[in-house]
Every structure is written in C-alpha cells, then in structure tokens.
Amino acid sequence: MDGVDATVRGSVRTSSAAPPSLLTIILDTNPLSWSHLSSSLPLSAVLKTLLIFVNAHLAINHANQVAVLASHVDNVAWLYPTPDDGDASKQSSQTNGHTEVADEHRVVSNKYRPFLTIEKNISKNLRNLLTSDIPSAEALKSPPLLAGALSIALAYANLQLLKADPMTSDSASTGTGAVGAADLDAHTSALRTARSGHQFVSRILIVSVSQADLSSQYIGLMNSVFAAQRLNIPLDVLRIGERTAFLQQASDATSGVYLTYDPPNSTANGTNGAATASFSSATAGLLQTLMQGYFSDVAARKLLVMPGSAEVDFRAACFCHGKIVDLGGVCSVCLSIFCLPLEFTSCPTCQSPLRVPKSVTTKPVAFARRKKKKRKIGDGGRDSAAGTPVPN
Amino acid sequence: MSLSSAVLDYLQAQPGVTFKRLYLQPPTVLAVLRRMLPHLAKNIIMAMLFMPEPFLEEDLLTWIRAEARPQRDEAMTVLEQLHILTLVPEPPTPRAYRLNTAFASSLRQALMGGGSTNSFGVPADKDAPGPKRTVEELDKWARKQWEAILYYMVGSAEREYSREGNISSGTRKLLEMGEFIIMRGGRADITKGGFTFLLQEANAQVWTLLIVYLENSESVSSIHTKSKVIENQSKDIEQLQMDPVEMLSFLFMLGSLELGQDYNTESLTKTQFHMLEDLHDFGIVYHPPDARGRFYPTRLATTLTSSDASLLSNPNSSLSMNSGKGSIILETNHRIYTYTSSPLQIAVLALFANLNSCYPNLVSGKLTKKSIQRAVEKGITADQIIDYLRTHAHPQMLKNQPVLPPTVVDQIRLWQIEGDRMEATPGFLLKQFVNANEYRETAQYAENLGVLVWRNDREHMFFVTRIEQLQQYLAKRKTQAPRR
Amino acid sequence: MSDSDNEYIEDHSSGDDHNLNVGGSGRAQRQKGSGRNATSKPGTRARWERALRDTNNEPNVVADDSRLAENISRRAEAQKRARIRKDTKPFQRGIIRHMVLVLDVSEMMLEKDMRPNRYRVMLRYLEEYILEFFEQNPISQITVLMMYDGRCIQLSELSGNPNDHINAIQKLRDGDGKDELPKEPKGSPSLQNALEMSRAMLYHTPKHGTREVLIILGALLTNDPGDIHKTIASCVKDKLRVSIIGIFARMKICTEIVSRTNGGDESGYGVATDDVDLRDLLMASTSPPAMRATEQEDAAANLLVMGFPSRTEEEHPSLCACHGELTRGGYICPRCKTKVCSLPQTCPSCQLTLILSTHLARSYHHLFPLRNWLEVSWDRVREMRTTQCKGCLKKFPGIPTEDDGADKMDGSSESSRYECPSCHHHFCVDCDVFCHQTLYNCPGCQSGPPAQVPASNGETTGDPMALDGAS
C-alpha cells in the first residue's frame, strides 16, 4: 500500500535541462578607442571571437536567445535583432531565427543555419553603423552611452521575461529586492533568489574599451544597476584597458563577473596548438577568457566558482572636483556629495543654502592651561596657597 | 527526460569505435551537446574547447563548487560514458582531462564554420523539377502521416478508430518489432509498451520509434528470427544492411535543417537515401515520389534536437499533437477538461476517462472507477496515465505544486490495485476422495507435477490448474485399485 | 449626531476606562454608521460613496462585440498603467526618514474578514513592506511598536538594518509566547500611548531627517489613559507626521490626528477595504514624503558629514565594533578606523554615518522622477510613423485605414504607443510600466538625440540604424 501514497509532494519535475537563457551583449564601438587598440586587438578580431561566443551560447540550448547592442558615440544601435526588418519578434521568439535561401552553397552547407543568419546580421549592421555616420572629433571624446544601452537592454530582457513567464514576472517587477550585494545576508538573499525565475534567465555582457568618464551618466547608470538587481540579471563586464570603478561596482552589485583583459602586445600570428590555428595569441586569449569566465548563465553560476577579485572600491567621487572621497559632506536635499573642507555656501546642484555644522568648520584649539603653582620644598608652609583666613 | 535518456542509453550501448566515427560530423556533435548533456557538462566542455593543454583535475575540482558535488559527478559520468572526456594521466604532472579530439574539432567547426563535410545539408537548386511545398502544406502532411500511426495504435485498442490508421506495412512491422503491438491472428493488439508509446509526448514518440528503427536495422538475421510473422515483401528494412552510424548522423543532420527549404539528395550516402523512404512513411521528411532528387524536412525533423521548452514556446506550431502547451485540466473532484478539438487526443483520453460532453473546442469528462479499471484491464498502468496527464497538463495546472492533485493521483493508483486484490485462477477442484491414502498420493503427485495450487488436508480437497495429467493418473490408479 | 460625537470623545478622555470600554465598542459601532457625517465638510463624500455614485450615473452601454479583442487588450493596458500614474512633479522630499511603525495587536484584529484573519494578513505584508522600505530609503531607520492590551510595547529598536525588524516580526508571527511577546492579539489599542512612545523614540533624531509615524489600526476605538488632544498638540510641537491606515472604517479621531500633524492635510489617513488595498496603502508610504513649507526652514540643506568606507579583507579575523564578533572582513570607518560589518550604519565609536554611494543613489529617482509618458493619438502616429517600440522592439499595430470605433479607455492609448515628452520616442505599454516602476530611466532620453519627425518624402534621414527617424 505504501507504493500508492502519492505524498512525495516535494518531487518537482526535475530535469537537468536548463531554462532558456538570453544573452545580451553591449559592445562599445567608439572608433577612437578601437583605433588605439588596433595594433594588438583589432575590432574585427574581437568581433570574430564574440561571434564564436554567441554561437556557443546558442549551441547549448535550442531556446537560447541573443541580442547585441552597440553603444556608439552619440546613439545606441541594435545590431541584433535587426529593427525595421519585418519580424523582429519572429527572430527572437522562434528557434534561433530562420531566413530566406542563402546565397553561397558552400558556406551554407557547412554551417549551422541559425548561426549563419545571426552572424550575417550582426556583421552587416555593424558595418552600416560604422560607415554611415562619421562623428566629429569632438563627439569622439564623449563617453559611450552606456546608461542608454543598459536601459534598452533591460527593457528588452523584461519583454522576453514577460513573454516566457507572464505570471511570475509581474511579481518580480513589483516585488522585493534587497540592498546591494555587499551587505546581503542569508535571509534577504534567500528571499531574492526564491523569486528568480525557473523558466527564463538572462544576463548582460558589457565589452568596454573607452577611457572616458562616465560620471555624467551616473544617475542613469545607477538606476539601471538597481533595475538589474531587481530582475536578477547579472551584469558581466569585460574590460580591455584600465579599471573603471563604476563598472566594477555595477557588476559587484548584481553578482556579475568583472575581468580586465590585457592583450599581449604581439602582432605575430602565433599558433597555440591545434585549436587556434587561425588566431593570433591575443584573440585566442580573449576567446578562452570569454568561454571560461563568462559562458555560464545564472543557473550554472550556482554550481561554479566565478572569477574576479573581492576587492571593490566603493568610495564615491565628489561632485565638485571628481576626487575620490571617503569622508565627505552630503547635501540633505539633493544628496550630492562634496569633499571637505567645503568651498561653497550653497549647494551647486539644488541651489539651497547649505548650513554647515559647527563640528566641521571650527578648528580644534587646545585650551590654555592655567599655570599651577609648584610646591617649593623646604619652604615651610608659608607659600602654599593663601593663608588660613583670619576672621575679622 | 525520458527522451534523452532513451537515446542516451542507446548511445551508451555502442562501442567506443562508433563514437569516433560519429563525432566526425558537426551536426551530430551539436545534437549530442544540446540534448544529452546535463547543464554543468555543457559549461565544462565549452571552457575546455579552446584550451591548448588538458585541464588539470585539481583545477576542475576547484572550479566547481563543493556543494555542487552531485551535479559534478553526474556530469563527469555522462561525459565519460559518451567518450567525450577522457582522463589522461600524464606522467610528470597529475591527472588531467582531455576532450576527445574528434569531438573537439567537430564542435569547433560547428561554431566557426568551415570544413567541407556538407553536413548541414546542401540546398537544392532553384530550378529543380517538381512543385514547391510551403511550410503549411508540409505541416499538414506531416501531421496526417504521424497521426495515422497513432490512430492505428489507438485503433488496436478501440475498434472504432481503426479505419483512420492506414499505415504502410513497413511501419506496421516496425511497430511490431518494437513490441508496441502484437499481431493476434491478423488483428493488431496494443501492448503495455504500446500504451507507454501512445501516452508519451510527441518528441519522445518520434525518438522512440526512430530508436526502434535503428536497432532493427543493424542485423538482418536477427530480424528474421525476432518477429513471428514476416511477409516477404521486398521492404528495405529487412534486406539492406544499414550502418547505424550513418543513420544516426543523418538523423542528427535532419535536426539541424531548416523548415521550408528543400535539400539535394546527391550528397547523401546510399544508406541515407534508403532511409528517406522510411522517413517519408513516418512523416519526418517529405520525399516526393515524383522528384527523387529533393526532399523537404518537416517540423518533426527540425525539432528532433530541440528540447521541450522550445517546443512549448513556439506558438506557430500547428501540429495538433504538438499543440505545444498541454491542455488538460484535472480537478480535485476527478473531473477532467481538455481544450482540444483533435479527435486523436479525444480518443486517447477516452481510453481511460469517461467523457460526457464535447464542445467544439472543449471536451469534458470524469475519471471514474469504471473507466480507470477498464483501462487497467486493457493493460494501461496507473503510472502511464499519471505521466500522460502530467505531460499534457495545462500551463495553469503547472503552477500548482504538485502539478496534479495528489488525491486524484492516489485514487487512480488505488483503483488499479483494487483489481489486484483478488486474483482468479481458473482450474479444477478435486474432492470426495475415497480414503485418506488416495487423497494424499494424488495430491503428492499433483504437487510433483507442479500444478497444485491449494490443498486442504482436513477436508481432503485440493485445487489444480490442469487436469489432464491427473485424470490419466487417476485412471491408472483405478485400474490398479483392485490390487490394494 | 455631531453633538453626541463630541460628547463621546469627552467621555473617553475623562478616564474610567473599563466601563467605557464595553460601552465604547457599542458606540464605536454606531460611530461607524455615522461616519458619513464625520467628514468635516458637507459635500465631500466618503470613498465608497463616490464609487457608488459613479456607477449609478453611467448609462449601460451595449458593448460592440466586433471590437472585442481590441477592447480587451486596451483594458489590460489601462489596468497596467493605472498603477504608475503618480504625480511626478519634483518635490523636495525627505530622504532621510525616521519612521515608527505602530501595529494594532488588539482583539479586533482577529476578525476573519481578511483571510485567515486581519492580524496574519498584516504581518505578512509587513515583511514585504520592510524590505521595500529599505530598498527605497536605504539611509532611513525604522522602529516597530505594537499596541497590545492598552499598552504600547516595543518590538524592535530604531535601526537601519532590515533584518532586525524582520526577525522581530517573525518572532511575533511564530507566536510562542517567548520573550514576553503575546501569542494572540488581545485587548484594545491605545492611540495615546502609541503616540507618546513614538514621540519618545523620535526625540533624539536629528532635525535634518523626517520624523514619521505610521499606525495600522484595525480596531474602531481607542482606550486612552489621558487626554489625547494634549498628546496630539505635543506631537505637533515636536514635528511628528502621523499617518494612519485604518481597516474597513473611518474614525474621526484618526482624521483629526492626521490633519493636525500634517498641517491640515487629511490624505495621510487611508482606509483599506480589502487586503489588496491594505497592501497598496502600505507600499504607498514607502515613497519619501514631500516636505512641507513650514518645515522647510529647519530642514533646508544641512550639510551632513558622512563616511564612505571601502571593504577590506583581512588575513586574520578581528573583532567588529557593532556585534563584537570575529570576522575576516568588513568596512573601516574613515574617521576613527573601527571595523563594522555591514552598511548603512552609524559608527559605534565616533557616531559618523557610514554609507555606500549606492545607498544615496537609490533615492535619486525620487528626487529626479521620470516624467509620465503621454498617450499617442493616431494623428501623431501618422506624423511620426513609428512601427516598433524603442525599448524592446515590439511591433506596434499598424495605422488603421478607417477610424477606430473601439471604446476610449481612460488610461490606455488607442494606438498602443506611449510617447516620452522629452525625447519623443514611442514605447509600448510593457516598457512604460517597466520604466516607471523599476528602471526610472527613459531609454530614449539616455540613448541619444530625440526622435524627429521623418522627412516628408517618407525616408528617414541620418543614420539608417537609428530607430524612429532619429537623426
């Protein structure tokens, strides 16, 4: 009779099939920054490795999706799915995209059709983007529109989440998040991961090369980071160049991976074993970094140890100079951070008069001590203070 | 997933040599990667794919978290069984893992393109003769073919549907070989395995049939001895010695083809060309008899290597049995509703439920004791019914935890074993013996024969299943009786 | 009836609690019926009356079934957007909040009109509320009190760590009577005691933060030891802002408390008619309140000194200053170099507020709110000729050839497009909801120049990759 009892209530239909996953890549396409790197790591090589990475992502699950955005000098453009191209929805929701009859038989018959479609689209769109509008030298120095690209990527991810799982996503967007990863404890993080969708996961990979300062987009960036936290979307950052504090904080807050890739300065086409016959060592290194560090999605990250250091610089930059401060003043109205000692009487952001507490402005002064009369030895008791008062 | 485990078992039964040949084709490698590996294994492979040296075992262990031990063991076992990962004890350094070279190079080829294996299908020339088929036509045709098979099987269970199931004799034989149906005197009768097949989900059904096809193509002689009734038609299954590796690679290649595109048959090997005919019968490819140079894969083919999730998310799927999302709602009062208009689904449901009303898009009924016991008599087990209900449950049902109401599930099982309460054994009861001696000796004789089922020594009665030998024995005794 | 109401309050405050308690509930029932008269001005009606009147006035219109699908989708859109249409005028808001949360743990909370009973529902929403509150106001502090059997008992101390409060509420919910916590609600609540205790809790808070009290009151009476009006006066003097959430009925005394402490504004008093309503009212109070003109002189732009520590990892564990436990890492106060475990906190040795810049950043969307997006009419669509949503590439329905006869639904756009007033890009309803509730950014404004009307020859100028005719 025991065999009848169906009270194995906890048995969820477990399948080792992972949920479908969306990978969004934000590629920084500032031509100036890429030209600096063209000796060791040209854009074409990086594009090739990214395409292989995308193919690998699509290969492991039929329902995986990919989206690629380019954060260009003064606008954000979609590289995949191509907008204004008939059925963008068909490309993303169906099985990795179908296309019309391809032209070259040899290429077609030797490559998996969906891979081919996507590669073609991405290359074509990128070429259009780079050749269409040559921005001015002034515009080239401006920072990449990362906040915009992130916002669009998040809106797209939200749409895919809604499509895959209409019920739970509603509670996720209005539901509870938790304060940043650095001070998450078991309870709140358990509450947060409990809501993470079993039906659909997504993540965002940012490939960043520009040196420019992102502080003008600070508010937009932080809003995007908090939204990504709420939706459980990790922000991975692959940085080629120097460290950026913002991006590091962003990836730490969303449990993403932050790695800096330093291309070795060699232009020689060395072969690194049979695997990378057609690559230079720089691109081979990039590919391996991508494959091992960034390949896993949210479900797999629970099982693997992610790379990246634990030291993140959380200190803020002051709004007046841009210096890093660890002890600063905050305007109580508009929450802007200033370094001490203060140089203004009213807050530059909100123009309200600032009242500075005394503890900041007054200088510490040592109190002058009253001289104590020293006791002279052998003087009898005559000089010790005043004499005994004699009543009159 | 029952599907991938079935294919997995089949593959694991192959010797290592097969794998070497199998992994030469990129689409095979892609299919294996997609369908048969657990999630962690896929990540491991991808990380190792472009590594110049083998992956040290201790590095691998550090990379995977300690709490993920069971997943790690599962992944490593599967990878080793499929001969993808081998442990290479390199002499000076400690043990390391290495990817199978053929697998690795094929996978790299798949990701990067290149090579000249033409393994992803050569599209047909635009001006090849013959009519062009649209996707809708292909879908309709595939549905008709596949449903014919299912109708045939349902028809063997319920007589009224048997006219719908017109399938070729080759397919019929195949079903027999897979032990889904048993030919009893010219009529087909469905078996327990057949019910499992019927109640599986569509993708699993296709693969089960294909595996039976694969297994039975390996040797000609075994086929001849296996099946009892063979009509010697010149059917290709028996005559041709087909290479399972080529067949498997062809199947995987089909999985990577594109819907709506016709392909050239010139680049196919002889084996694969012969397979086209059989696959045409199943409805997996469309091989027009008037245009032998081309073939169209149907939706059944292109979704061979996809997982259930993607099928469910495809709203355009027009195959009725693939109506993607299941549509059965089961309530705690044993009522069952299903939003379908396909007669096949209704027929399957009628096997074990008591349907009482039928609207254009909704059929409702009840699971009663009679209906379940009727199904049990036919040979369907409670577990099969429960799995069917679970796989075809409506998405709204999937939000419950557990999916089906446990009361109903328990009740189905209880009704099944109710039938087991009393077991009836036909036989003969012998009593009223002349004396105790005769009783004892006869009973002893029956026991030695092995036909004795029950005996009662006080009443001098016993029960046997077969009487002929006992009759002879008793007659012999009688003739000897006067001696006593 | 109004006269007797006044008498009623007078009697209450004169002491002699228990007798009045019994009669009080009876009178309270009566007062519920006279709630209509309790609102001050004639002509203003209670919320339930307003709803009644609206549905009576509309004539029954026969729906046009041919437009059924569109009507349904429009209705769904209108429902989704109804939540986000808040006032987005940038007020000065109190970002640093000190809030006292007062719970009603009295007999009336055992009523079963909310499943399983009001008390359990309240506790369930409170956990979500606390998490949401600290998400929206990371540098604020809460303390939780409860009104139990005429007394006011403190559940958790004033702190900025959500776990303290969540643990306290869970202990209360598990209800095993340990730690002197009550197992079941009992007795009647006392608003005066609650207000006095809140006043005491908030006495030491600095002036640059807000001082708020949120009372959840399910009972229809209050059982006070003294004159509640005196308490209200002292609360006003101490600049406390009280808001009350009632359940199922209004009370005049609550209206008075709220209006006097909020300078005449009664909107802080909300009455929940069912559990969804209760949740909405609770969550509405997580947004920082707008600062009032009277308070503004005191709160105008103080410069607060705060520390921004970095996280460090150490080789050997050392004691942390906040708990006295051995930990291997933590944050070092920049002024006195003590180690604390988590942020935001006040440094235990030098009383410096320690926060991360991300905590401040969380409140930016209150100060710089995202403007509401406008519905787009078909004429405008003909001008702009947009086919896809800028944010998610979802396709919009095409321009109809004839005039659309579907119902005009309040809140949803007839063309399913919503336009941002600054960058003139069009978005779909899902992006609208997402951007206003979660993201607080407009993707169009952030990602480049505003959209322009395409040139009259039908071709879009400029970069072919940019959408919607943006140049």
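Chains: A, B and C, in written order; residue numbering restarts at 1 for each.
Here is the rule we use: a contact is a pair of C-beta atoms (placed from the backbone, for glycine too) under 8 Å apart; a residue touches a chain by one contact, two chains touch by 3 or more.
Keep in mind the model is a prediction, meaning the values are calculated, not measured.
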So which has more C-beta pairs touching, A-B or A-C? A-C
By CA centroids, point me to the most central chain in this structure. A
Looking at CA centres, what chain is most distant from chain A? B
When the centre of a chain is set as the mean of its C-alpha atoms, what distance in Å lies between chain B and chain C? 56
Separation of the C-alpha centres, chain A versus chain C, in whole Å, is 29
Mind checking the centre-to-centre distance between chain A and chain B? Centres are C-alpha means, answer in whole Å. 46
In the complex with chain A, residue positions of chain B that touch it: 1, 26-27, 30, 33-34, 38-40, 42-43, 46-47, 49-53, 62-65, 68, 71-72, 74, 104-105, 107-123, 126, 256-261, 267, 302-303, 305-310, 313-316, 390, 399, 401-403, 406, 409-410, 413-414, 417
In the complex formed with chain B, which residues of chain A make contact? 3-7, 9, 11-13, 15-20, 52, 55-56, 59-63, 93-95, 98-99, 101-102, 105-113, 115-116, 164, 167, 272-276, 284, 287-288, 291-292, 295-296, 299-300, 302-305
In their shared complex, at which residues does chain A touch chain C? 74-78, 81, 83-84, 87-89, 92, 125, 128-129, 132-133, 145, 147-149, 151-152, 154-156, 158-159, 162, 173-180, 182-183, 185, 187-188, 191, 217-220, 222-227, 230-231, 249, 253, 310-316, 325-335, 337-338, 340, 342, 346-347, 350, 352-357, 359-360
Which stretch or stretches of chain C touch chain A in the complex? 92, 95-96, 128, 131-132, 134-135, 138, 162-163, 166, 208, 299-313, 329, 334-335, 342-343, 352, 356-365, 367-368, 387-388, 390-395, 430-431, 433-435, 437-443, 445-449, 462-467, 470
